[in-house]
Amino acid sequence: MQIQVKLFAMLQEALGETVTVEVPATPSAEEIKGAVSQIAPNLKQMIQTSRLAVNQEFTTNAPIQLQSTDEVALIPPVSGG
Amino acid sequence: MQIQVKLFAMLQEALGETVTVEVPATPSAEEIKGAVSQIAPNLKQMIQTSRLAVNQEFTTNAPIQLQSTDEVALIPPVSGG
Amino acid sequence: MYYLNIGDSPINVDALYQKLKDPQYGGIVTFVGTVRQWTGDIETKYIDYSAYHPMAEKQLEKLAAPIEAKGARVVIAHRTGHLELTDEAVFVGVAAAHRGDAFRWCEYLIDTLKQEVPIWKKETDTDAVRWGD
Amino acid sequence: MYYLNIGDSPINVDALYQKLKDPQYGGIVTFVGTVRQWTGDIETKYIDYSAYHPMAEKQLEKLAAPIEAKGARVVIAHRTGHLELTDEAVFVGVAAAHRGDAFRWCEYLIDTLKQEVPIWKKETDTDAVRWGD
């Protein structure tokens, strides 16, 4: 399935607010991160250290039951405070 | 020797700002507290739990080389903050 | 009830402190993080903060709710946008009946905020631009 | 340089906080103790604080100097006289380069103040007058 992934911080500066990627049904977070890495191999390390959020909740390692309306986001290491 | 002892808090309310007591030369803090307790036996427990200060420094257990100009004070358990 | 805010307006420390005052609390601990000039040899000129709204606000609620459930009050504000030296980036305040709790919970909240709340810092230093820290 | 004050004027939290702001510090931790209404079943009406001047000020200096020697800034104010519910009795603030230090030192200062500084609380509760706590 095709999904849009929201990006933030340095990933957003490099790639824009969202990228569209092709992922398997019920993908894992790793598979989604891998699909984004394919678009931007030079950012692979940053993408690997990012966390995935679906509908504004951090995901676990479990396969994700994605709906087409779900909001998927890559969260680079946070640095607030 | 005769010394004046400054009092504070509940001791000051009960006995006034100072009391005059007779103490041995180079008295210990315990001897000074004992002399004040003789004036106010009903406050003995409070006096025993107080600390002694000479010239606005807490004293140790050592004998005190008192001068007649020294400022001696009984410090009841503090409760600021 | 907690008060949480993430936005571009300057942080009004006094107004946030006033929200923590209450006859039922005796101890108020606050942490304020400001933009510091030097980090070792690196000199910071200014910082821009961005956030993932409203996920960042939801994450703050998850932090604040368990502390409030213990009977304390929580106030957290994080500024976004452009900040100059000494500007307040974050305010975390806890009012509690006992000061030990207030210290513990305030430190827990800022430590956890720095791990779990999607806010990012873009630091413009005299030698380079740095993301995060 | 530290700022220390013991006196009858109301504590101006915002003015004291401003003294802690500085480009060299990134973390400011403050503790404020206010007059609390309930302590278990005991209801407090008001509190009068008294101090042994200037021994109390000297004791504060002894607390503040070693913390300042570590490169932090210390601001402490204690109010004396008549205080009503929610009035600020004490303000202890530490600004430091790192927040962990600021938390540790601020808590150390208020804990030690409560042991070593000759200030006394006379609490007028609805049922009785109590010295100390």
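Letters are used for the chains, namely A, B, C and D, taken in the order the chains are written, and counting of residues starts over at 1 for each.
Simple rule for what comes next: contacts are C-beta pairs under 8 Å (C-beta built on N, C-alpha and C of every residue); 3 or more make two chains touch, one makes a residue touch a chain.
Keep in mind that this is a model prediction, so the values were computed, not measured.
Peer 1: Note down the smallest number of touching-chain steps it takes to go from chain A to chain C.
Peer 2: Minimal hop count between chain A and chain C: 1.
Peer 1: Once you find the CA centre of chain B and the CA centre of chain C, what distance in Å lies between them?
Peer 2: Measuring from centre to centre gives 48 Å for this pair.
Peer 1: Please compute the C-alpha centroid of chain B, do the same for chain D, then give the distance between them in whole Å.
Peer 2: Distance between chain centres, rounded to whole Å: 26 Å.
Peer 1: For chain A and chain B, let me know how many angstrom lie between their CA-based centres, rounded off.
Peer 2: Taking the mean C-alpha position of each chain, the two centres sit 72 Å apart.
Peer 1: Pull out every residue in chain A that's touching 2 or more other chains.
Peer 2: none
Peer 1: At which residue positions does chain D touch at least two other chains?
Peer 2: Residues 33, 110 of chain D each touch two or more of the other chains.
Peer 1: Can you give me every chain pair that touches, using the contact definition above?
Peer 2: All chain pairs meeting the touch criterion are A-C, B-D, C-D.
Peer 1: Taking the touch rule as given, give the residues of chain B at its contact with chain D in the complex, in rising order.
Peer 2: It comes out as residues 6, 8-10, 53, 56-58, 73, 75-81.
Peer 1: Over in the complex, which chain C residues touch chain A? Could you list them?
Peer 2: Residues of chain C touching chain A: 33, 49-52, 54-56, 58, 78, 89-90, 110, 113-122, 131-133.
Peer 1: Which stretch or stretches of chain C touch chain D in the complex?
Peer 2: The touching residues are 13-14, 17, 21-38, 85-86, 97, 99-100, 102-103, 106-107, 110.
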